[in-house]
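Below are structures written as structure tokens.
There are two complexes below, and they share chain A, which is joined by chain B in the first and by chain C in the second.
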Partner chain A sequence: MPTADDKELIWTKKYPELGSAPVPIEPCCSPAYFELERERVFRRTWLNVGRVEELPNPGDYYVRELAVCRTSVLVMRGRDRKISAFHNMCSHRGNKLVWESKGNCRALTCKFHGWTYDTSGRLIGVPDEKNFFNLKKDGNGLTAVKCEIWQGFIFVNLDPDASESLLEYLGEVAEQLKGYPFDKLTSWYTYHADERVNWKILLDAQQEGYHVPILHRRTFVKAFESESIPYYRSVDVRLFRRHRMLAAGGTGDRQGVSPVETLARRYGATTFGAMSGGDYAGKVDSPLTGTFDFWVIFPNFVIAIMEGTYFTYNIWPLAVDHTLWEVRSYYPPPRNAGERFSQEYAKCTLRDPLLEDGSVHEAIQSTLASGAKTHFNFQDEEITLRHGHKVVADYVRDGK
Partner chain B sequence: MSEQRLPDQFSALEQFAATWSLPTERERSRRRLTSTMPDIQAFYEAILPRAGAIIEYLNGFALDEMPVPERALFHMLLPLAEVANAVEIFQQPQVTDGFDPERFIPMHE
Partner chain C sequence: MSFGYGYKGTLNCNWKIAVDSQQEAYHAVYLHRRTLGDICSMKGNRFMHALDIRFLGPHRMISLPGNQKHRPKPAEQVAHRFGWSIKRQDLGFLNPAELPKGINPTRAPDWLFDIYLIFPNFWLAPFDGAFQTHNFWPLALDRTYQEIKMYVIPPRDAGQCFSMEFAKCINRDTWLEDFSTLESTQEMLGSGAKDHFVLQDEEICVRHFYKTLDERIGSHA
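Entry: the complex of A and B
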């Protein structure tokens, strides 16, 4: 019978209150549970919807379709330079106000009857206004959505009664990520994958390292191979009230560097080089615990930081078994062909291993609803999943 | 060879330009996925030994103001990043057991 020594069951000893019991599958395939998540998680928490660099100028706006919150959100930089968010919905008959994904405007006009709003959401024009009945323009602006910014990340909260500020909500995450150069890594590449999978299954497949030596045996494995045991071990796991972090310690360049990787690293951070803590150009001093720190900001936002590059996931539920996975990887704005090539290599070599993950996401979901199994068996390195499922369950039960 | 696309000093690579000088990730990814490994390997082996010199040369031009031949060369350098994993890791064009790349959509172009 295996016994635990200092290499086993580390995190469960650190967080014994989470226990070690198998975790129910039903929340990942029950439509009723999904409806509770919609109301009690996604409509009541701070959700990242982008970055300030997407709105450099007054009048710039973009739209995010938040199907899980049953709304479309308009995020706009006003003439006063302030960034605000609104339900993307006309006050007249409810028509969706902005149909394109982004743009710049002096004012926004509804395509239906021409009601017009300024960049602060105020109703400023109603055609044939006198034919209404004492219509008050003041009370009929766009419906605001709570919107706050942390480190350039724009968050919204669909709960008009939300009492916590974004900073209070982020808590230790904001504190511990302080000093990471998000403001220098402002050139990014975005992928969208529309997957037949529950949002938690997708997140769970990402937020542990146990799978790396197996699923990623061709790709990421060499970044984290342990010298002492043939399995993955985090160098730290931190569980907060809602959020969590796992840190992976890289192998450096001990496993060798391929020819194209070698070339790319002359001009910037590559995914593999940065994850493993190897040698490359473009390192930026960063508050890291391992070489690759994976921060999960409840419920659906991930910031994975390395030195000189980071990536984010926005995991958008569409239905109980349907999710949009939005992946962005961030670099310094490329100044020349070499830096652009390095980034091309970095993003392709992030994308390919994520394709390995994508297959598994859908393969898991395809069997969950069979009822053949009722529980998942999580090991110690999967304590992050255990924590995630508990936080969701607490929200679903208590609404907070 | 019908016309010269690349700067003179890289004319040895001219035979690959029609196939591999591709401006978008979508096109580069599709080229990788629809090529045979011998074709990918031939491109990789031709461009890799010259890639350092190509970069040093192209670094003399502003990224968004490259003349047409330099831009064509740059668009032939980027697919080296695309095919690297096919040659160095998977030994096949596709990611082994991978998710359909057509469903993993680059939104940046």
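Entry: the complex of A and C
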């Protein structure tokens, strides 16, 4: 077991180029900075908008409102089974084509004048067509958005000139997550939180373990606490060009397991059991570094993997101080009441710590604008935050 | 005629988007299929092509026909026994001998109503037995306050009251359909996915409106 002495400042030594200076607060409360993030980060990167299981059949579609990109995106599985994405906008007068959040169709008709598109986005019907002026149906389909799939995750890129493929963009993340059974954990629960907070503050509150023993003293603390290491220490931190990962090592069952938890673990992975690496049913061999690996895929997507369960965050900025936090936790489709109980229990024990996390988001934002402090003081274990702010600043400065 | 009923509200859209939705009839056949139905589509004129369109300096006028073979539903038949609705063409309130030359200018037998667009933001539509106005007030680039007023022959008995209430409900539903596209259009315009409107012949008033505005604003680039 490592001691406190050799567990200090190790990440800053591993990544010395990030330095150790305090980090400016202004990018978290400046509307002008937010507009640059909108144009230079969110309209130019690959954004996760869901999973293939949401579109099992030809003609299935769903809509994602991407306010940060000032658009609404229609994601659809065509009759040819291919998944494509489009701006959800009629070519005639610009009306939003689909108003429902999801559905199945043979074709989609605009409610304004009845222009009709097939499931591949082609314009196939124009009422009173002869009254137009040599209207070319071919050139007036829905405007396509770049759409690629990795491990069942559907990503879009709003930049029509984006040269990087999704796989190139993900880089080592795709390489290192290879082999994780995303295709088996296809039953998920969702939480949405609409919060008055900058998107980076929200993400920052999630991507370090320093807060765990304090903020989560009633919930998660036992998963990672150890008598020989008084403070939280990551097992590993890996920083890539844009993305990052922190791995937490769990305490197993040394801190004890409650009776309800024991019952739930008989049927599957619970949040606490999986995070701490204890004993439970339904473990699936996984490419993990710790017991709980937290992957941040730039800019706003998080995949947190454990053995037998994982959860994701999609963090959608709405304004400089307003963010929609979408949480999904994934399990194998339950085969019996026991497994269903286990998942309901796991869901609740994830919800409670997330509420604790959420409790600080708005409190932080409400004080940042005061100008009382100009910088954040990050410690070594918060190097992931330092990295995150630097990557955003690089994009905002260079526009790439 | 005097004020009968109306609606007003703030819309999250540019004022021109709101005006555009009231200066072409191309949308009527599809958007209003559940409310106006067969009054908008007739033999030889499935898409409610205008009887006439005239530009009057910065203003413009559209004269529109209705389907004379329109089949009123039972409640509508009762209402029409006592008064006007947007689906009624033969009230006989207007005296053909004294008709101003700008009302049903082509003297078409299937005339339903005219729309006058008084530049920049006033809309006036005479029918036989009622007239309607819209005031479009821009509040911001993407916010508009719209007021709709319907002026009617004041009802004198219960039958005429019923008729007016019926007319009001059809109008309300039709206007709600009109409003339904405005905010969703505005929302998508900012995406940059498309940079032009594709207009057909019957939407020429939209074209005229933007040209008139452009000429007044001059170069703003």
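Note that in this section the second predicted complex is superposed on the first by the 394 of 400 C-alpha atoms of A that agree within 3 Å, B and C clash if a C-alpha of one lies under 4 Å from a C-alpha of the other, contacts with A are read in each partner's own complex, and residues count from 1 in each chain.
Here is the rule we go by: a residue touches a chain if its C-beta (ideal position, glycine included) is under 8 Å from a C-beta of that chain, and two chains touch if they have at least 3 such contacts.
What you are looking at is a predicted structure, and each value in this text was computed from that prediction instead of being measured.
Once the two structures are overlaid on chain A, check if chain B and chain C clash or fit side by side.
fit
Have a look at where A:His113 lands relative to chain B and chain C in the superposition and call it first, second, both or neither.
A:His113: touches chain C, not chain B.
After the superposition on A, what does A:Thr349 contact: first (chain B), second (chain C), both or neither?
After superposing on A, A:Thr349 lies in contact with chain B but is clear of chain C.
Using the superposed model, give me the angle at chain A's CA centre between the CA centres of chain B and chain C, as a multiple of 10 °.
Given the fit on chain A C-alpha atoms, the answer is 90 degrees.
For chain A, which side has the bigger count of touched residues, chain B or chain C?
Partner with more touched residues of chain A: B.
Quick one: classify A:Thr384 as touching chain B (first), chain C (second), both or neither.
neither
Given the touch rule stated above, what does A:Met89 touch, chain B (first), chain C (second), both, or neither?
In the superposed model, A:Met89 contacts chain C only, not chain B.
Could you say whether A:Asp194 touches chain B, chain C, both of them, or neither, answering first, second, both or neither?
first
Taking the superposition on A as described, I'd like to know which of chain B and chain C A:Arg218 touches: first, second, both or neither.
The answer is first: A:Arg218 touches chain B but not chain C.
Once the structures are superposed on A, label A:Pro127 by its partner contacts, choosing first (chain B), second (chain C), both or neither.
Touch partner of A:Pro127: chain C, not chain B.
Of the two partner chains, chain B (first) and chain C (second), which one does A:Ala337 touch, if any: first, second, both, or neither?
After superposing on A, A:Ala337 lies in contact with chain B but is clear of chain C.
Aligned on chain A, what is the least Cα gap between chain B and chain C? Give it in whole Å.
23
Flag every residue of chain A that touches chain B in the complex, lowest number first.
So the residues of chain A touching chain B come out as 188-195, 218-219, 258-261, 263-264, 266-267, 334-338, 340-341, 344-345, 347-349, 351-359, 361-362.
Which stretch or stretches of chain B touch chain A in the complex?
That would be residues 25, 48, 51-52, 54-56, 58-59, 61, 63, 74, 77-78, 80-82, 84-85, 88-90, 95-99, 101, 103-108 of chain B.
Using the touch definition from the top, list the residues of chain C that touch chain A in their complex.
20, 26-27, 29-31, 46-47, 49, 180-181, 184-185, 187-194, 197-198, 200-202
Contact residues on chain A for chain C in the complex?
69-72, 87-96, 99, 109, 111-114, 127-128, 131-133, 135, 140, 143
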